[in-house]
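Common to both upcoming complexes is chain A, partnered first by chain B, then by chain C.
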Partner chain A sequence: MNIKFKTPFATAVAIGVGVIVLAGYFIPGLISLRFLFLRAGLVLAAVALIVGILNLFAVHFRKMAQNDDNSGYSLILVFALIATLLIGFFDMFQSYMFGQPNFQTISWLFTYIQLPIETSLMAVMAVSLTYAATRFLRRNLHTYAVIFFFIVLMVLIGTLSIFTPEVPFLSQIRQWIVQVPALGGARGLLLGIALGTIATGLRILIGTDRPYGG
Partner chain B sequence: MAEIQCPNCGKINPEGKDVCDSCGFPLPSQSPSINQETPSTSPDATDSPPDLPSDAQDLTPGEAQEDIPDGEDEGDEGWLDILHAAEEGEEPGDLQTPSEEDEEKKEDTDWLKRIRALDVEEEKGQETPEGETFPTWMSEVEGEEKVEKTPSEEKQELPDWLQSEEEETGEAEPILSEKDEGETAPPEPAQEEEGHFPSWLEEEEEPSPAGEGPIQPFELDEDDEVIDDLFDEELPSWLSSVDMEKEEAETGDDISPGELPGWVEAMRPVVESSDTSGLAEDEEYIENYGPLAGIPSVLPAEADIDQTSVEEGSKLSFELQVSKTQKEYASLLENVISREGKAKPKGEVKPVATQRVLRWLIAIVLIISVGASVITGGGTGNPSPAGHQKDDPGPAALYEMIDEMEARDTALIAFDYQPALAGELNATASGVVNHLLRQESYLAFISTQATGPSLAEHFITNTQSEFEYQHGRDYINLGYIPGQAAGVLSFSIAPREIVPIAFNGANAWDSPPLKEIQTLSDFDLFLIITDDPTTARMWIEQVNPYISRYKVAMIVSAQAEPLVRPYFQNSPQQISGLAAGLPGGWAYEELTGSPNLSSVFLFPLNVGIIVTILTVFIGGLANGILNLIKQRKNKEKRGVS
Partner chain C sequence: MTVTGFTGIVIIFLFLGSMFFFTLTRDQEKEKNLRQIPAFRRIKEVIGLTVEEGSQLHVSLGRGGFTSLQSASALAGLSILQEIIKASSVCDYPPVATTGNATISFLAQDIIQGTSKAISTEGHERSSVGELVGLTPFSYAVGTLTTIRENRVSANILAGWYGNEITWLTTAGERQNSPTIAGTAQLPAQAIMYASASEPLIGEEIFAAGAYLGKKPMHVSSVKTQDIFRWILVVLMILGIVLKYLGMHDIFQSILMGVS
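Presenting the complex of A and B:
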């Protein structure tokens, strides 16, 4: 397709679909059309996931072919991807054709490989954060660093469930920190993100921003 | 109307013009005597060149040179003569009346003369002096205003040259009259053929004697060499025939460049400066050479350069004079620049031994403390949660929602959290789901993450194994919805169309849990389990229009609690029940009276938090003190130095 034709065509499709989906919230007659576009979007999202997996496979297969320093990790990834895919197809065949319970082999892989690995990473992160907190004042010894350090300690103490009944004000301090300054800052971030999302949506609807090319 | 012919280009300019419209050459001022002068047709004219008027022939050469522009046609002939004289190596100032020998040399220009003669004849016939009436031969065509005159009177009023012509031919008047009439009416060809030129013009017409035949219109003779030369790209024959070597030998170096016309010479100031070296301090510079000679205050062409300084400058050495310090700086800069192009070898950074030890020490302490609390059984239900956790309305509201459900009611559960947080959220949700199963509720699982269906299967298999729930009979796993918010919205609008089959490929909506479900609002409870506040917000925003808010509840991790809790605490509520973190799960289990994973994990969690607090406090305090000591030492070093 000619690029000169593609650009305005893609822009027209994006704007048209966006306007119809947005109008579907306010015009009852457009609900069915909005739902049609949403379903098409779901199919495209699923296809995009498959395309992403294929791209991941291609990138690491290329790294393996180049035989660089990290090609060993790419080999493990490609092997794991192919093995999981084959097991998934096997489970799918077993479930769909013979009515066996849900993907037992895949569930075994998830329970005994993926879940422990990710949970262990979270545990390592807990140790790393603890170590970073101890080293924090080693590098930064100024007023704000000291304030930050003691706020961390106060929140941790307030999270305790065992000793706080005897010291009730500790839990109240933690509640105040979490519900007022922390929540206020987080809400501010969310409001900024929401405004940015609205602005981005409007830019796409009026064609100023064209992330799909052109 | 009198017209002036440019002596330079021959262009006819209207009267009153000072310069030529075509070439800008200054036009001579037209005096009445010049307008009245007519070409001489006297017999003496044969001794003089026919191209020059009689009064011009009487002038001395110098005067003739000055008066050349004063005439009309004469002017043209004058510059032609000048050119001709130049060809012969004569100075224009030496212009003399051409002799008969000169006429022979000018044969090559006869074609030009003939053309000019015709033009002059036409111009003369149309010319009328200012303030005078038309000539008699013109006034005859004036019609009624014309005054009848006798032939003798008419003869007296005619110009001399015309009278002589009339005497010779006796047909001039009719011819001219017919010619003038031809301006108003188309002339008959026969009458034109009978026309004759004046005698002075017919003298030029050698082949056709005057009065012997009709005047033939001027035509280009294709055989004429001169005419061919005009339209030839090469030089004309008369010009190419000139022997250049001979001409150069004759002229030599006598040709003075940039000769000015006489009228320019007359305008030029005669004052000359005696200063030839350029500007004097108190005097104005007066040009000595060229067209501007004698004019003061002219910018000199020569630059004001002192020759001595120029000669001295040319002898100066170009060797750069730098000091020793400057040479050191230059070499230093050169070294710095040369290092930029070289790769610096990266040395291996050895981790500080104390840091590695500290890292391992922290890990060992945490593992031992938490592991010991888990192994020793920490005491299910032993720890008493804090007051605010006991009084949390979220678990209580969630408990009431589930407690009001009847058997075979269907609860939709969204498993939207990462496997890394499964330890916390599985424990928190176990008590809630356990309550649902004890209520004999149907369950349906959905997720917007690819790992969600596996997490759901893991959860129901590992935490609720005592109930022996089976897929397709007691619960249904609807799998994964792509598209994030768009997928959630689509599922909220039409769940049957978006997820037609179950995780195992069976028809999900024919199974007992979903048989009576048509829309999202048909579910009796919608429980969202997530660790991400953004995911929680997405579900709340998309499903709220399609399901009653009294049916929506959440189980979130402790890190998402601050951002999710406002959805429960605000009025009106957007979720009706909330259990956050292990304390929330423990509180729910306390309500149900059946301790579960939250109660088991709460004590190890508290032990881990206490160890972390102590480690951070002690380690941070020690590092802060070390940093303070280091800073003081640095200050002392600076003070000493």
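Presenting the complex of A and C:
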């Protein structure tokens, strides 16, 4: 006899915990239970992070052996992962055994390698966005695309400090666009997203959507 | 219980009741008249194309966590992944999923294995599923770029929580000549997607995937319920404007203070 126990059990646990956490937002007596479950969730998420990193390592280790264009990137990732881990252990050893300031080398790595790289990427993103806007107009030459492009252009020019002393109405137009139609549109979108979020949450709570157990 | 708490419970029960009501009284003929969302039509097209070409779909689930406000987008992405796996069961290569969050990568793997088992496609070759590609916004974006550039990947579906870094993913898809369908709940990222994705999912459209791709009764009912609540909000907002013009804008506050 083939008894399928796993999925109904997982569903029952998920629904039960979900209902208690949701009720905890509205019923003061359940707040402590809500925090207990949330804390347990955070611990599980931290464990998932460790397993996720092992998965990342395994995937790229496998990709490294493949003969394709991206295997070089995987090699760099695996090397950086092992190096950072070893440096982290070395730092930990230094801190606990010799009482040196905490994680100096790792801090150096983040401040002088990770941070500058991410900042450079942020700068490249500005170029990438401009490229996307021009491609958009070329790809979809319809009314909304033209409106989108000219509003982007107007807001950009209105933001530039070089123009504002000479053409003051541009900054006023920019301010109006940002505070009236853009804010109104954003609020409308947010209301829709809030309703979508409620619907998604409730579907999970009643077990219609099950992002666990398949 | 506070007034806010009571109101919250009432809204949730009304929402839930409405979803069940529409599920029980569903009319399958009328369900065909759901508003057309081009992005979902495109997803169906790319799945068909993937089957014909023997290529692979890439589903990016963003970097949203499971214990924060970003979870709704991530869950919507997982729902889309589930529908895509079902629809692409006859593909030579199963979809590859990438994420920037460890918990979501777990759930993605679980969904891929569970759904594949349910539709009996477990024997297919699967080189990589539910990959965690990076933990910070930029490392995630850079890690995902390598998947987008893989020769086997013919289309990208980005559904989850993203920041401005989404521009790299959408433009990379465009450079590879692979269609990119993208949806998120984050507003600045939505603006970028509108300009750079082949088909964007705007606003709450990302949450309607189950209704459009899977035609699930409860999903269709939740779309109808959202529409009803949207109209209620519109009426309340107009009422608020009228009351403000009449100088009675604090009437609700007075009522609530009286109740509490």
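Note that the second predicted complex is superposed on the first by the 175 of 214 C-alpha atoms of A that agree within 3 Å, B and C clash if a C-alpha of one lies under 4 Å from a C-alpha of the other, contacts with A are read in each partner's own complex, and residues count from 1 in each chain.
Criterion: a residue touches a chain if its C-beta (ideal position, glycine included) is under 8 Å from a C-beta of that chain, and two chains touch if they have at least 3 such contacts.
Values in this document were obtained by computation on a predicted structure and should not be read as measured data.
In the superposition on chain A, A:Ser171 contacts chain B only, with no contact to chain C. Once chain A of one complex is fitted onto chain A of the other, the partner contacts of A:Phe61 are absent, as it touches neither chain B nor chain C. Of the two partner chains, chain B is the only one that A:Ile106 touches; chain C does not reach it. Within the superposed three-chain model, A:Ala199 lies in touch with chain C and out of touch with chain B [touch as defined at top].
In the superposed pair of complexes, A:Ala186 makes contact with chain B and with chain C alike. Overlap of the chain B and chain C contact sets on chain A: residues 38, 41-42, 45, 49, 114, 118, 121-122, 131, 133, 135-136, 186, 190.
Residue ranges on chain A touching chain B, taken from their complex, read 31, 35, 38-39, 41-42, 45-46, 49, 92, 95-96, 99, 101-103, 106-107, 110-111, 114-115, 118-119, 121-122, 126-127, 130-131, 133-139, 141, 146, 149, 152-153, 156-157, 159-165, 168, 171-172, 175, 178-179, 182-183, 186-187, 190.
Residues 22, 25-28, 38, 41-42, 44-45, 48-53, 55-56, 59, 62-63, 68-70, 73, 77, 114, 117-118, 121-122, 125, 128-129, 131-133, 135-136, 148, 186, 188-193, 195-204, 206, 208-209, 211-214 of chain A are the ones that touch chain C when the two sit in their complex.
Taken in their complex, chain B has these residues touching chain A: 355, 358-359, 362-363, 366, 383-389, 418-423, 450-451, 454-455, 457-458, 461-462, 470-471, 477, 481-484, 486-487, 489-490, 493-494, 497-498, 503-506, 533, 537, 558, 561-563, 565-566, 583, 586, 602-603, 605-606, 608-610, 612-613, 615-624, 626-628, 631. Across the interface of their complex, chain A is touched by residues 1-2, 5-6, 8-9, 11-12, 15-16, 19, 65-67, 72, 75-76, 78-79, 82, 101-103, 105-107, 110-111, 113-115, 117-118, 127-128, 130-133, 135-136, 138, 141-143, 146, 149-151, 164-165, 167-168, 170-171, 174, 185, 187, 190, 192, 194-196, 202-204, 206-208, 210, 216, 218-219, 222-223, 225-226, 229-230, 233 of chain C.
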